[in-house]
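Below, chain A partners chain B and then partners chain C, in two separate complexes.
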Partner chain A sequence: MNDMRVDQTMMTTDNKITARGVQVHYGTNHALKDVDVDIRDKMVTAFIGPSGCGKSTFLRCLNRMNDTVASARVTGKILLEGEDIYDPKVDPVQLRAKVGMVFQKPNPFPKSIYDNVAYGPRIHGMAGNKAELDEIVETSLRGAALWNEVKDRLTEPGTGLSGGQQQRLCIARAVATSPEVLLMDEPCSALDPIATAQVEELIDDLRSRFSVVIVTHSMQQAARVSQKTAFFHLGNLVEFNDTDKIFTSPQDPRTESYISGRIG
Partner chain B sequence: MSVLFLSAFIAVIGAAGYVICRQRAMASADGNIRNLHSLPSYYGWHGAIMAAVPAMFGLAIWLLVQPMLIERQLQNYFPAAEVENPAAMTLLMGDVRRVAGGIDVAVARGALTEAEVAALDSGRSDIRAELSSVGVALGSQVTPQVLAAAKDYRASAATGAIGRSILVFVLALAGFAYAVRATHKDFRARNRVERVTLGLLMLASIIAIMTTVGIVASLLSESLRFFTFYPVGDFFFGLTWSPNFRGNSQLGLLPLLWGTLYISFIAMLVAVPLGVFAAIYLAEYASPRARSVLKPLIEIIAGIPTVVFGLFALVTVGPFLRDYFAQPLGLGNSGSSVMTAGIVIGILNIPFISSLSDDIINAVPQSMRDGSLGLGATKSETIRQVVLPAALPGIVGAILMATSRAIGETMIVTLGAGAAARLDLNPFEAMTTITVKIVSQLTGDTEFNSPETLVAFALGLTLFAFTLVLNIVALLIVRRYREQYE
Partner chain C sequence: MMAMQDKHIVTSFDRELEGVQIDVVKMGGMVEAALKTAIKALVERDTDLAHRVVAGDHDIDALELKIKTDTARLLALRAPTATDLRLVLAVMEISAHLERCGDYAKNIAKRTVATAEGDAAGAVLGSLRRMADFVLIMVGDALDAFIKRDAGVAAEIIRRDEEADEMYNTVFRSLLTHMMEDHRNITVGMQLHFIAKNIERVGDHATGIAEQTIYLVTGSRPDDERPKMDRTTLLQDTQS
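Take a look at the complex of A and B:
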């Protein structure tokens, strides 16, 4: 196995997440083959690739959301700050508080805007009293660039917001638990161009506080928001490099074909 | 001609309409389907509908109206005093119809000829004996008026049958001719057939609604009659229920209402937690294999006839509660009790609540669960704080529907809670409900015009009003939550 290499990278880099030899099987389907990725702190990493290439699968490995899929089997090593997240000692529930997730479709809970954001902090007992909770909610909504739009209607249902606002509410909800890593699974695919621009701007802001991993179908989006890009194809990690290098001088012919629109 | 024959005629001409109109349409399009406005079968159906439907309606209306007209005509045979009294009139008309029917049978068997029938005279011959010899039993002696009316009835019915046949023939042939003339390749048969289909669908819903209206109207009119015998205030606020068929009954609603509500309350106390918890387990925790076994097993309960549940209450639950709870606690020694009926009705309603709630919980989008799990919530936190609130309106609706069923349950109460109307807090005491009393007031050989019988309709109306209010409340709650959550 690659144990030697894991030890080396752990010592030599300031990686937030280090993945080595990750394999995922859904039943008999080998969905992800031997993926090695390093995710740096305070940086946006984009996963691109055609549908079914395994990029969302890999993202869902990073906070063990694949545990909820009965047929999924994950092997290999994923270290969050040097700690193996698939170690039996690790509680996936605690892990997910540290590695937040934003989903493809905005999925606000059927609760008020306030309660949506306060959901995580309440579950994890992050606020000692109401004032602290108010503080967390306001900071998170400001962090998601939504505060000014909703500050007068915090008690109204989150489901009454527009699609773009809903997605920013979901980002605020994820930010509220103060995660170390924020995973975003095609966060703009259900949004119109204006809402997409707002969310992209927000992702750029979030980079100052977290490391962000974003799965996207849009190569333009990857180019706009990310510093590192990983290209997946048919379950393999084909190329992983600085974003500008991937888009200007791809090393692998498959990457070049994909970004120039010949496969996908 | 008999109704059966006419129906067969309508069916045949309808089939002919289908075949001929379809052929005509094809002929007018030179045998090429693409020249037709609609598919050939639509022309066929148009022909069938035009030939059969008006004739069918004509026949139905005739069958409804003819007896009314004949009855009015026959009133001339009877003294005005009896015509005024609807109950006596109903009896007389029954006699007339039976005698007429008897004569029909006798003629059909050849025991009498039409000439002999015309010569029949109650003064000379014993019609009762004569008819019973051909197997037609009459309850009482035939009076001259009834015999005359019966003869007239037969004559009118015969005339009516001819008119009926003519009407059906004319309508069927006219519709058939119209459809054949209208059939042409540019005729919009498809649109026409779809309009008729729409009409049929509307008719179906109107019949359902009219039935409800009819039930309410009959309840209302009989209840009003009851309130002419018995004071409204004493019924709604009376604390005693003791019907007495010699008169002087005390017919207070409150003991029955109390029993109904008490038993339903206990039933819901059993059914709601068990039903909802079972639904949560099935929808969220059970593996697909466990679910595929458990769900049908729970739903089997719903298929058990309620009288079997009643036996279970009578033989098992009642004595058990009496021996292990009521007697040791000093709360009486009655086998039938509110508790017995409540618990068994609750069990009956478990599959109802669990099955509906299970569907509703399954309908909560997976993205909600993912969102909550992705924030580091456990499965149980996710269910309590996200899934159940989202499913709540539906679950509340299911619970209120189950409550309506519990309120309307009769058999289990009869066998499990007894028939004693009582205002009591002790749940181990026998009590009874509105539904049981409706049954007991209407069974037995009692005069239909007494308050003791008519009270059943007032009880029924109360019950109906009660469940109606419950359903409206359910709707309002569901709507309010829906505004909040969606």
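Take a look at the complex of A and C:
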């Protein structure tokens, strides 16, 4: 697994996502208040905080998943490589190919393992022929550390896999469209410790290719997998710093209280 | 801004954290007593008292072992973070510093048995007692600063260590003079020099305890600023 130090080459990498003054209202509920965050490339950023703190809301802003919530109103700027993702010209479907997402509960399509992974590349026209598509499927499954377990049963339904395998299949599906950012919302909360360790190992591997943003209720998981940690509380971004700083010497008393188990 | 809560949601965690702190403070008291007794035995040439210090070191070591076991369990079972983590780390380090101080008390007592027969220079014994008093206050203050989470006092204790070093240098020169004057003083002189060195090392460990308090309170180690001071010294050296 990764060690917690962030090496110098990483420090000079440019920001992948820049968020400034992001506010989210659900009807009259002010869910997210004036959040500024820089998500760096090729790093894992963890969002932590108690339930209802706004961390998932903010994650869902990053690929416009909140568009699907009728009462949600998002203001402020979110730039992906300098491009405003809320620009009316941006197609949310194209955006979500670049900013992939993995959810809490594994949700494979009721299709074969092969078709689950091939789905994204097909709708985005990424493969010219069957051989190219085969290659994308294999590379994605290898990238999700699942190839060896499923290579002989690619035509079997994805829903027949174990929970941990299903989650890695969902990661393979998200990786298949060659995203720049991978968002993960509690990706291990439905998995046993072994499957969790496999997904955490995978997350560490994935960051060599793109940036990963993970929302987790497990602070130990945030400590294990991320290089940067953001603590949210009551809709505010309270503290954002290197993960080892957050867990050894947090600057804000609210962060300290939360990570040391003093407020829920 | 909301202040940090004192208590954990899980109260047994608080009890365990309090437990190791009580033990380390208790260990500090035992070490202070051992050092005081060792110096008393030295000055009064009381070999019975010195033997008691040697025997008593076992209890200090046993308490250190208990603290080590309890802190290891805290790390494994509670996975402490932030101030909690720094507290557990500080307790581990402080108990190691105190264990060394206990060993010095034992070593001083052993040498007392060896020097009791010789005609040691009274003036040097007086200097050793003053030096021991000085570092004992450092140890006591360092433990108080830890309990009160007072980084200011801790920083002041670190500065005090220079004075302890100067006192040691004075004793060293004085012993050297005695030994050069009459080579029959060499055996006792060497024993007294080791005792002086042991006392000086106790001052270093008091400094180490104070550094742990600074880390506990501020989250950064006082060593971070040392290179800057070194450069200043270097600059002055080259200019003069």
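FYI, the second predicted complex is superposed on the first by the 251 of 264 C-alpha atoms of A that agree within 3 Å, B and C clash if a C-alpha of one lies under 4 Å from a C-alpha of the other, contacts with A are read in each partner's own complex, and residues count from 1 in each chain.
As a convention for this text, a residue touches a chain if its C-beta (ideal position, glycine included) is under 8 Å from a C-beta of that chain, and two chains touch if they have at least 3 such contacts.
Keep in mind that this is a model prediction, so the values were computed, not measured.
Asker: Output check: A:Lys42 vs chain B and chain C. Expected answer is one of first, second, both, neither. What do you get?
Answerer: After superposing on A, A:Lys42 lies clear of both chain B and chain C.
Asker: Please determine whether it is chain B or chain C that touches the greater number of chain A residues.
Answerer: Per-residue touch count on chain A favours B.
Asker: Between chain B and chain C, whom does A:Ile123 touch in the aligned arrangement: first, second, both, or neither?
Answerer: first
Asker: Tell me the contact category for A:Phe109 with respect to chain B and chain C: first, second, both or neither.
Answerer: first
Asker: Under the stated touch criterion, which partner chain does A:Gln94 make contact with: chain B (first), chain C (second), both, or neither?
Answerer: The first partner, chain B, only.
Asker: On the A-aligned overlay, A:Gln220 touches which partner chain: chain B = first, chain C = second, or both, or neither?
Answerer: Touch status of A:Gln220: second partner only.
Asker: Touch test for A:Thr248: chain B only (first), chain C only (second), both, or neither?
Answerer: Once the two structures are laid over each other on A, A:Thr248 reaches chain C alone.
Asker: Touch check for A:Thr177: first (chain B), second (chain C), both, or neither?
Answerer: first
Asker: Which of the residues in chain A come into contact with chain C in the complex?
Answerer: 219-220, 223, 247-250, 252-257, 259-264
Asker: Taking the complex as given, what residues does chain C use to touch chain A?
Answerer: Against chain A, chain C makes touches at 1-10, 13, 79-86, 218-220.
Asker: In their shared complex, at which residues does chain A touch chain B?
Answerer: These residues of chain A touch chain B: 63, 65, 68, 93-98, 100-101, 103, 105, 107-111, 119-120, 123-124, 157, 159, 170, 173-174, 177.
Asker: Can you list the residues on chain B that touch chain A in the complex?
Answerer: It comes out as residues 365, 367-378, 381, 385-386, 389-390, 484-486.
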